[in-house]
Structures are given as C-alpha cells and as structure tokens.
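Pasting a structure below so you can have a look.
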Amino acid sequence: MSYSYTAAALTRDDMAEMVASDIPAGSFVNLGIGQPTNVSNYLTADQGVTLHTENGMLGMGPVATGGDIDGDLINAGKIPVTELPGASYFHHADSFAMMRGGHLDVCVLGAFQVSQTGDLANWHTGAPGAIPAVGGAMDLAIGAKSTWVMMGLFTKAGESKLVEALSYPVTGLGCVSRIYTESAIFLIEDGTATVRSTHGISFDELAARLPVGLQRA
Amino acid sequence: MAPRIASNAADAVSGIHDGATVLIGGFGNAGQPMELIDALLACGATDLTVVNNNAGQADAGLALLIKERKIRKVICSFPRQSDSWHFDTAYRAGEIELELVPQGNLAERLRAAGAGIGGFFTPTGYGTLLAEGKETREIDGVGYVLETPIKADVALIKAQTADEFGNLVYRKTARNFGPVMATAAAQTIVQVEQIVPVGGIDPEVVVTPGIYVDTVVQIAGENK
Amino acid sequence: MAPRIASNAADAVSGIHDGATVLIGGFGNAGQPMELIDALLACGATDLTVVNNNAGQADAGLALLIKERKIRKVICSFPRQSDSWHFDTAYRAGEIELELVPQGNLAERLRAAGAGIGGFFTPTGYGTLLAEGKETREIDGVGYVLETPIKADVALIKAQTADEFGNLVYRKTARNFGPVMATAAAQTIVQVEQIVPVGGIDPEVVVTPGIYVDTVVQIAGENK
Amino acid sequence: MSYSYTAAALTRDDMAEMVASDIPAGSFVNLGIGQPTNVSNYLTADQGVTLHTENGMLGMGPVATGGDIDGDLINAGKIPVTELPGASYFHHADSFAMMRGGHLDVCVLGAFQVSQTGDLANWHTGAPGAIPAVGGAMDLAIGAKSTWVMMGLFTKAGESKLVEALSYPVTGLGCVSRIYTESAIFLIEDGTATVRSTHGISFDELAARLPVGLQRA
C-alpha cells in the first residue's frame, strides 16, 4: 500500500474503522480494553472475524443490553457481552495458552508509548506512588501473530508517543507491528517506522515533529 | 473420595487456618465465590496469602478481608481499579504485600502447581519490571522468564453444578480461574448453584473431575 | 478462519510436504485417524518425522508408513509391541531414528508447543536413561528434567463431531492426544464422523475450539 | 501392623486381594498393566475406589464384554473397559497432569527390580538389542502419593529382585513405598525395608536369602 494523505486528522471512530477494515477476513482477534474495543463496531459480518476475550471465550458477540445481560458472560473489561453461534468457553490457563501460543492473528491494544523497534509501554506510568496493575497486557502484547496499537500520537504536552526508546516501563519488547494514530498510520518492521498515511499533517511536517527516522510507504 | 457436602458456607470454610495460602476464583463478579469469601472473613482466619485476579473491589468480599487486615499478601494481576480503595489504603500504608503477576503467568503458574511442573519458561514479561530478579533464557531467539508454580492450601471457587462425586461444570465466562485453581490447592472448596446425584453430569462434559474437589456447598443461585 | 472442509482424506492431506513433522493422534485404535494415515501413505510424502504414542502396529496405518520407509524419525513413548514388526525391522536395520519420550512428557511437550511455553521442568524421567544429556535441576528437594516443546507442521487427529467452524468434540477415551496435538501443529487436519452446522455444538462442551482446526473431513463412522 | 506369617506362599490372586484390601476407602488409584490389573477384581463396592486410566479417564469400570465392547473406551493396556457413574474423560495432557501433580492416592505397578531405597526398574531390561519402550511407566512411578509394586520376589535363576542398588535401568528414584510378593510384603521407608509379613518362608530364612538388611514390622 503506497503512502496516502487526508486533509483531516482521524477521529477515534475513523481509527477504529480503519483498524477494522485492515483485519484480514476470518481472523481471530483480541481487542484490548479502551479504544480498541470500539473496533468491533466496524467489523462486518462478511469479514467473519472471531473475537477472543482472555477471560475464557472465543466467539464473543456485541455488548449485552436489557434482558440479554448475564453476569456470567462478560468480557475482559468486565462488561456484559453476548455469545455468537460457534462460540466456545475455556478456562484461564487454556485461554492464555491460546494467546501465548501464537494462535490469535491480531491483537489491538492501547499504548502510552511505542518505540521504533516495536517495544510497547502500556501498563504502568512508573510514577512515584502509582500502584501498578498489569492484567493481561504483557500476555496480549507478545502473544498474537500481529500486535497493533491505537493511540494518540502526542501527549497533552505535545511530545511524541512514538519514541526512539521507551521512557515508560516496558510491556513487551519488539512486539508492535502497526500503530494507528489520529495523525498517521505507522508500520514497524526491522526497527524502522514506515508511514503508510498521514492525516491532517504532511509527511514532512510529521517527520519534523517526531524523534525517530521515518520512511514513506 | 467423594467430597464432603457442607451444610453452609461457614461449615465449608471451617478448616481454613491462620497463615494459609488461599486461591480465590472469579474474574470480576463472574465465578466469584462470594458466600465463601464472606464466610472466610467471618471465620476469623488471618495472616492469609490470597491469590486472585484482582485485589478486591468496593466494600464487599475480598475487599473486606483486606479492610480487616486479614491478608498479609496478595498475588494478583490487577490490583488497582477505580473501586479498589481498601487495597490502595492498605498498600500505601505498607500493610499488605503485593506480588504482581501477568494474568497468563498467574494462570499458568497455578496450572503448573496442579500438574507437578517444577517451573516453566514463558515469554510473557520478558524484559519488563516483572521479570526483575528472575532467571531468563533465550530460546530460538526469543526471550523467556522462568516462572514457578503457585501451590496453595485452599482454593475457594464457584461452579454451576456439582454431582455428589465432586465433578463440576461451570457456566460461560464464570469458568475462568476455577478449573486451574481446583488443581493447585491441597483443599478445594466449591460453592455451586446445584448438587445433582452421581451420574447427573455427562462424563464427556465434566470440566473439573471430582478428584480435585474436597468440599461442596450449595448456595441458592441469585437471579441472573 | 472457518476450516476447509475437504472432500475426502486424500484431499485433506494433500498439502503435506516431504520432511514434515507430523503429529498423529490416537492411543491404540481409539482416536486413531486411520483414513488420514492411509491417505498420507498414498500421497507419497517422505522423510517424515512422526509423533505418536506408538510406532505402528501390525500391517496397517503408521506401520505401513514405516514399512515403506516414509518415516525418518519416530518420537513416541512405546514403540515395541508384540505386533510392531515393521518398526522393529527398520530400527534394527538403522533405517529409522527413535526418540523415546515418557508418555506424560510427550503430552506435556505437545501442550507446551501449543501454549507458547519454551520449556518446563518435569520430575518424570529424572535419574533415568531418558534424561541423559538433558538439563536437570533440584527444586524443593525433588529432581526435575528440562523438557522442550514439540512443534509440528501438521497434526492428523480424529474427533467425533465438528461444526463448520471447526469446534470439536471427541468420544470417550478416543479423546486422548487429539486436543493437545491440535494446538501444537501449524496445520491441524481432523477426520470426524459427522459435521454439523455452526451452533450445532454447545459452547460449554467444545473440547477443541475451532481456532486450532484448519481442515476437516467427514469419514463415515464404522460400527462400534 | 505387626509382622505375620502364613505357611503358604501367596498366589497371584492372593497378592491382588491383599493389595485391594490395603487400598484406603475412597482412594483414586491407577493399576498398571499386567498383575496390578487383577487388583480391580478384589476391590469392593463399599471401598468406593475410583480407577484412573492414563489414557484419559476417571471412573473406569470392569472389562467390557459382548455388546458392551466399544472401541473408543479402552484402558491403558488397550483392553475395552466400561464406564461407571460419576466418570469423567479428559485429554492426555490433563490426564498426566493429574498423575504428575500428585492427585492419585495409589499407583500399583509391576517391576523387574526394586532397591531398598525405593528405586524402581520396570521399563527396560537394558539387554543388548532390546528395543526400549517406556509408555507411562516413568510418569506412573513418580506421580502418585504412594507407589506400590507387585512382583515375584525372585528371578527364575533365584536371585532377589529386592536389591541394594538397581542393575536394570531406572524407572524412578525413591518412589516405591510397598512391595507385594509371593513370599513377603515389604514396606520401604527412609531407605529401610520392613517386612510386614512372610508367606511360605520364615523371616530368618527370608533375611538370609535377600541381599538387603531387613527389619520386622
């Protein structure tokens, strides 16, 4: 796919739609808590994507509402969900074996930072006094065949979250292969960030603002 | 041996002693053995090490055990939540020890304990703060961390149905940690919604064989 | 992705290449994917490494693959039987390599491959000939051997029923190695007695989720 | 139990009956192939013993006959068996995890030799040209809470199979706690063999024939 440009920055929904359309048909996918969950709203029935939730299910359906809410059927974010035909349940060790064993095609996660070599930071700010919590983040980061990140490209202070080397504590090393942001989509391969598209910013402007070398797709 | 059928939750947990390591099933409220946890608090056992995915939420269950300082140490993957205030207070006061474990490593360490595995190399956590001080090894170009089994004195879990032989089936994502925790504890105590006679569960669909179950108590199911 | 539904056993195994590592399910005849094994012989693939509990019996299936020298190496727990004459001949002639693995270590090494575990310490085999040359370690006073995952290119297994999504259920002790082998191979090919529509298997009783299944072929069941 | 004596050596059926009566009520038990299988014929319904077969079942019933024979329901010796109420099926990794994890109470095995420290040899003669086969022997030996052996006490050449140190290849170290033979029952603890009973031979005659130190129960 060669480099492209749109005048408007992507909204969160745009990003979710773009991730959804990039997921190959028939994939087994885990969507992390937060922004990635929104991707499910843009998956089409034709795509035949199967969702995994690490608390023990394949074939997860949409969020449950009204009378469909069942306390025994929740996703990893502890939100009531539904079950699609062809679903299966399994225990936690089997569920994480499925992930760790590389059986999922795509995992989509949020991030604090990603390095140009694909290192991921998304579990712990490292701030003094912060109580750390990891959940399944480290398992998700390294388990799937492809790990994609959705995040804002800049911090509130305007600093790039795509970095040369992480300043936040590591979640997983060399695991991220794509980054979706409001300003650009990056492909990470062999320590190099390739820009597939920019949105509301030109390639040259982007390159000037980021602390890592970029190449154009 | 067929499990003991306890008359109520208090009876079920009556053998838990001070200083015990207690596995508690559940992920959020799904599969959480709430009545057994309440009974554990009521029975007065203290100085406990508890293994759960979280470290208590709001003012119920595990959070109350922490509030009452019955717990010396928590081994979990996700202590900090919006409503984990009792844990947060105890932790900041230095009154509870925390061993933070990635969720999949937690599940696999419990499985290893039940399966007689002395340790295993996992890629999860390699190169992170949670691998500090642990043995690591590169295998076929991938970094791995050596993780050890988590054995326990007691497991408190929830299933949907037990037969009188202790065979268990679970319901939907409430299965979560129950089956592995049942294998990792010297004594597994299970609350179920119903107990059926031996033969009442198809042998093909048993998830936890009765060999892993020591005590069963029926707690009337809430409305779903 | 939903599995390919092959039209017959020959079609199902058509992608197996020379030099492949092939897991073959079954314990005795129970769970043995006989038609897939016959098709593997007919397809001509050679220089294979085969993982099975045994090394062929009598003049059928795996034994014929050995007789025809399609197999370079067998990884198994119990090669020598009263009717393992083809293996015995090939082995004594130095025409087949044998890696002998205790049965539980075989199952656990397959599970490790499927579960992304880089290696594990097992007490089984410690202090024996089968641990020679392997790393050992004493943990809490018990001796353990480090065992490694067995990853494969292909698994040939048998289940009772598949749905069109590849979810599998097995029958009685024919389950044996099937579920772990399905997780350990890049391509899992399953022969089943029947294929039902998606939704035809209760999600609670699925033993092998469809994510592990690549090809399904229906072979009319024999009389039991 | 203090030392006892009977004038007659035990038959194989006597040995099986004695093993069966020594198994505590409610135990989970694995009976190895060969002589140990015979123990099941002497277990009483009152004992409530549950049989495990390592090919994936708890609650195994008697050998199947006639119309009950089902090729999908076999024991570790590949003999058709039956299913009792309360049975359960599981895959091979789960089955050996159950064994290795110490969940079975008793495992009964045959043997070529047992050492006075409880080392077991039962899988391989070590003879030149012998093709080795191990099956589940090594898993069974070390897995159960108690491992008991049933064997003839002497080889055809009259040599003791209870030895100071194994001459056959090891199956498991320090794992055997009881030995049932036609001539004596031994309890092995802390490297010492205690004779619980002798049969057709006096304690002193036995002690004179065996190469290991014995004590009387």
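Order of writing sets the labels: A, B, C and D. Residues in every chain begin at 1.
Quick note on the criterion: a contact is a pair of C-beta atoms (placed from the backbone, for glycine too) under 8 Å apart; a residue touches a chain by one contact, two chains touch by 3 or more.
Just so it is clear, the structure is predicted and the values come from calculations on it, not from any experiment.
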item	value
Any chain in contact with chain B as well as chain D	C
Rounded Å distance, chain A centre to chain B centre (Cα mean)	29
Separation of chain A from chain D, taking each centre as the mean of its C-alpha atoms, in whole Å	55
Computed distance of Cα centres, chain C from chain A, in Å	35
Between chain C and chain B, distance of the C-alpha-averaged centres to the nearest whole Å	33
Contacts with two or more other chains, residues of chain D listed in rising order	57, 83, 89-90, 97, 99-100, 143
Sites on chain B at which at least two other chains make contact	108, 111, 115-117, 122-123, 170-172, 203-204
Graph class of chain-chain contacts, one of line, ring, star, complete, other	other
All chain pairs that touch each other	A-B, A-C, B-C, B-D, C-D
Chain A residues within the chain C interface of the complex	25-28, 48, 50, 52, 57-59, 83, 85-90, 96-104, 143
Chain B to chain A touching residues, read off their complex	27-31, 53, 77-81, 87-88, 91-92, 98, 100-108, 110-111, 122-130, 143, 170-180, 207, 224
Contacting residues of chain A [partner chain B, same complex]	53-57, 70-75, 78, 83, 89-93, 95-97, 99-100, 124, 129, 131-139, 142-143, 169-173
Of chain B, residues touching chain C in the complex	108, 112, 115-123, 137, 139-140, 142, 144, 169-172, 203-205
Touching residues (chain side chain B, partner chain D) in the complex	1-2, 111, 113-117, 163-165, 167, 183, 198-199, 203-204, 206, 209-212
